[in-house]
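Order as written gives the chain letters A, B and C; numbering starts at 1 within each chain.
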Amino acid sequence: MSLKREQIVDALKKIVGEDHVITDEQVLKESSVDRFRRFEAYHGVYRLPLPAAVVNVNSSQEVAAVIKFANENKINVVPRTGHSATEGGLETALENSIVVDGSGMNKIISIDTYNMQATAQCGASLQELDDRLREQGYTTGHSPQSKPLAQLGGLVATRSIGQFSTLYGGIEDMVVGLEAVFPDGGITRIKNVPRRAAGPDIRHVIIGNEGALCYITEVTVKIFKYFPENNQFLGYTLDHMKTGFEILREVMVNGYRPSVARLYDVEDGSYHFSHFAEGKCVLIFVAEGVKPIADATATAIEEIVARYDQCQKVDPKLIERWFAHLNWDPANLAEEKTEIIETKNVCNTTEISGNWSIINDIYEVCMQRVRNEIPDLTLLGAHSSHSYLNGTNLYFVYFYNVVDCRPEEELTKYHLAIKKIIVEETIKAGGSMCHHHGVGKHRTQWIEAEYDSSYYILKKLKSAFDPNGIMNMGTIIPLEK
Amino acid sequence: MIFKGILNGCSSNIVAQAEELNGFMREHLSCGDNVGSTIAFYSKKEEKNALLGLVPTESVELVRVARYQPENILEALQTVENTEKTDLYLFPSGYAGSEIAVRWACRMKGSSLVQVKQIECSGAQLIARKTVYANHVLGTFKLTKRPYSISLAKGCADSQAITIRDKRIVTEYDLTGLQKDQFIKHSKWIPSETTQDLEAATFLIIGGRGMQTKENTQSLKKIADAMGAAFGVSRPVAMSAWAPMHRMIGVSGAITKPEVCIVAGVSGTAAFYAGIEKSKTIVAINTDIRAPIIKAADVAVIDDYKAVMAELAKIVLS
Amino acid sequence: MNILVCFTTVPDVEMLTDEDWLFDKNLQIDTSFLKPTLNSYDESALEMALTLSDASESVKVPLELTALTVAGSGATTILKTLNALRFKRVVRIDSHDDLRFRPIAIASILTQYVLKHAPQDVLLLGRQTRIGENARTHLLAAEMLGWPCVTQAIRIELVDRNHLMVTSQMDDGRLRQRIQTPCVLSIGDAPNTYMRVPTLKDRMCYGKRPIETLSSKDFQLSDETEELIGLEVIHHKRAGILIEGKSPEEKARKLYEGHLKRSVRVQERLAKI
């Protein structure tokens, strides 16, 4: 017999105290969604089951007690910290879920500049941590666009990646050790060591689990020495994406690690760089680190680019300035709501990855299909922002007018329809449908196609760690019909 | 310098207008070489005496018109000012003053500048200062052609009550029959509240786009009402129609000078700040420590304004 | 009815950091790295013109919209967008001069364009730019053309071939007037006038139409009667004391105890409640 809402709320109040259990209706509505459903949410439409409560937790022990209670009573739990997710990962797919909010666990526990590690609770703000480190001449190296809002728990749970990843890596390269709570209420700690071969790397059960296996309560990340004074900004305009991919590949396979290596197509470029790149693709690099390395990287990139006639150099100051204003600004986000409601023009994204040999083909076929099959588009473009030895990502960006369509129909008519094209073409070509936002709840329908025979491993993890099916159900693995 | 102040007696804020003009004249034109008089427009007969009391100079030309209508006002000025003796015309702050100032200067083939904060008479030329670059910069201009027509910036001078008792009416005109407005086939006036309450407020609470919704705007207003404070909003809030335009604070709205000003959820652009820069104490509440308002406030609280204001109201009202 | 909307793009100066606010001896500031944006009042004017165009079929008044800017080639992107939004004509009057504080020059160009190049019934402009804040161009143009000028327009409706219904926001109320063209209208703070966004299809069909380009040298520019002689950055800085606390409630209490309690005005106000 499942518990009623009031019973759940009462039990939670006994565990964390009345003040930390929120049942205000507007808060519950907003806690049933994340940025994926923002169009309908801005219009006051909330279609998902309201959670029974939002619980503000203040310690790993509280997290454990809440999750154990949920597990014993088969109640769905949605782990949350910064609430900046974009793929529906924070949506409450089941009735009477408990949203467990760890943003109050915001302590930066230690900064160890000898062992180059920083430890913080799951609710610690990345911006705050990085600002604190930078004051001392260090950095996490992690800078996603959501940095002003995002917190460590969510950043690790989604396998996030930042703007400087080409040098510093994604979150998976930065995590040293972790603490997490599993559905049985057990608090597990993975210690901080530089490397080990004592069985499989179990950190990777936790990193990227999107709350479907456990609740991350504490994270230790590497820190890096930071030399912003050595930063070198390089920008070029060019004619063809294909050439841009070739240049990115040249840079990567020859062993250079600029912190930023970005390629924008004409449309996406026009949105950001119309003041200097009208009708052109744009390549951007940032070389970072100790001076000899930063200089050598910049010089090498300039030499590589110089071999391609179509590339025209751009004033580095323009690139530097643009970069300084790229991150989400809380004030801009507040304005977004008004603009979206008034203009009925929405921006969404889908990010994928693929090896060098397939990436340009994926780009071209997706652009063509989306342009032809989707109505009311006002902008359709893409950029590559994270490159590797063997390939790169593509971040498709699209704006559309919501025409003749109720708020609750917007996703089906536009965003999901576009996503379907991009996901299917990418998987068909052999790429991955999710580069860094996480599967969330809306790419689950393709998860078996994404994994193919290795889906076995993913499914077993879920059934092993969450046998009662209480951890963020509907995420990564689709709900059983 | 021979100067003339223009008063728009058809406007409901005539007292503030007159005191502002008076303050400006005392601050910038009080030296002996300057001789000033006033041209005062009005439309209702019964308002004439009150208007006379507000004239900031000894001599005045009274002009009755049907209503405030720019083309007719300009024609009226052409009738009244039929010589070239006047060097400088001072028009009131606000949109009416600015539009007449510029068009008058054109007709008189002189220089004009609107929303002027300060002037200096330097020999043959007039130097005037006004804000540019969205209130980030003070621009200094040299006006080269007489007569100079300028409109005042709101709050440019300390308003001063009119102390001159005896006025000399130089001439009185009845120009109610002017018909330069024939292009207007029909007109309807819908009065609304003015920004005067905000401009006179001593305790002010302002909400910005951090309030996020119309409902939140109304809630914050309720708190302001309960605490006895006037309530204003930043431009984005007014432009989203979450609050009426007359509550807007900033260069294109009210210029306030409260003793205490609490600013919640406002990022604090320079154009907004012009509306509160004369406050004695500015308290900013914002979740973003890097918002420009934080460094420009006396005291700041980095937190959710709703919780802070709710608690503040509780304390103040207990 | 022929409607000419005159607009300008301006750098978004709110993006400048404290260190960027530096004028050189020519009274110039480097804003080249800032993305140009449509001046907000002009954006309202453009959207209001498009709204009139939406109504033209039902009111049976054929409308021809022209968008014009006096600018260098940096305005090309926005001009293409306006083409895509189906402005009938999109005009750039090429100029590399410093036009920040030259409303007389702009007004004379507009006047000559209307009188010699393309007759118009309505001239629509935003009230002022964020940079020059001159707030004079529309008034000067009206005087030069000998046309009436209605300012502070926040709403414009099509009545018939020769008349518009214009609502203006005045200092103490709203004035709704049915006016006969020709006229100059300037746009004030008009709520809910973000400019619409063209679809990709419209951009492909209409966005590539030619942009009429003229040179400012083909126009007689009258001299300005006001000369810029100085620019001084205003720094708005106060103590900025941060109130610390574990909760918003604690911070509110500290705020009250430390800074508001003693305020005479607050006490006076409370006494009145």
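Methods note: a contact is a pair of C-beta atoms (placed from the backbone, for glycine too) under 8 Å apart; a residue touches a chain by one contact, two chains touch by 3 or more.
Remember, predicted model here, so these are calculated numbers, not experimental data.
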| item | value |
| --- | --- |
| Overall pattern in which the protein chains touch one another (line/ring/star/complete/other) | complete |
| Chain with minimal offset from the mean of all protein Cα atoms | C |
| Longest centre-to-centre distance from chain A, chain (CA-based) | B |
| Chain pair, A-B or A-C, that carries the greater number of C-beta contacts | A-C |
| Chain B-chain C separation of Cα centroids, rounded to whole Å | 20 |
| Chain centre separation (chain A, chain B; CA means) in Å | 49 |
| Computed distance of Cα centres, chain C from chain A, in Å | 38 |
| Residue list for chain A, restricted to those that touch at least two other chains | 342 |
| In chain C, residues with contacts to at least two other chains | 192 |
| Sites on chain B at which at least two other chains make contact | 240 |
| Touching residues (chain side chain C, partner chain A) in the complex | 15, 32-36, 74, 76-77, 192, 194, 196-201, 203 |
| Chain B-facing residues of chain A, complex | 148, 329-331, 334-335, 337-338, 342 |
| In the complex with chain C, residue positions of chain A that touch it | 270, 272-275, 278, 315, 317-318, 320-322, 325, 339, 342-343, 345, 371, 375-380, 399, 401 |
| Partner chain B, residues of chain C touching it in the complex | 13-14, 16, 21, 23, 29, 100-101, 130-136, 139-140, 142-144, 148-149, 151-152, 163, 169-180, 183, 188-189, 191-192, 225-234, 236-243, 245, 247-249, 251-253, 255-256, 258-260, 263-266, 268-270, 272-273 |
| Contact footprint of chain A on chain B as seen in their complex | 209-210, 212, 236, 240, 265, 267, 287-288, 291 |
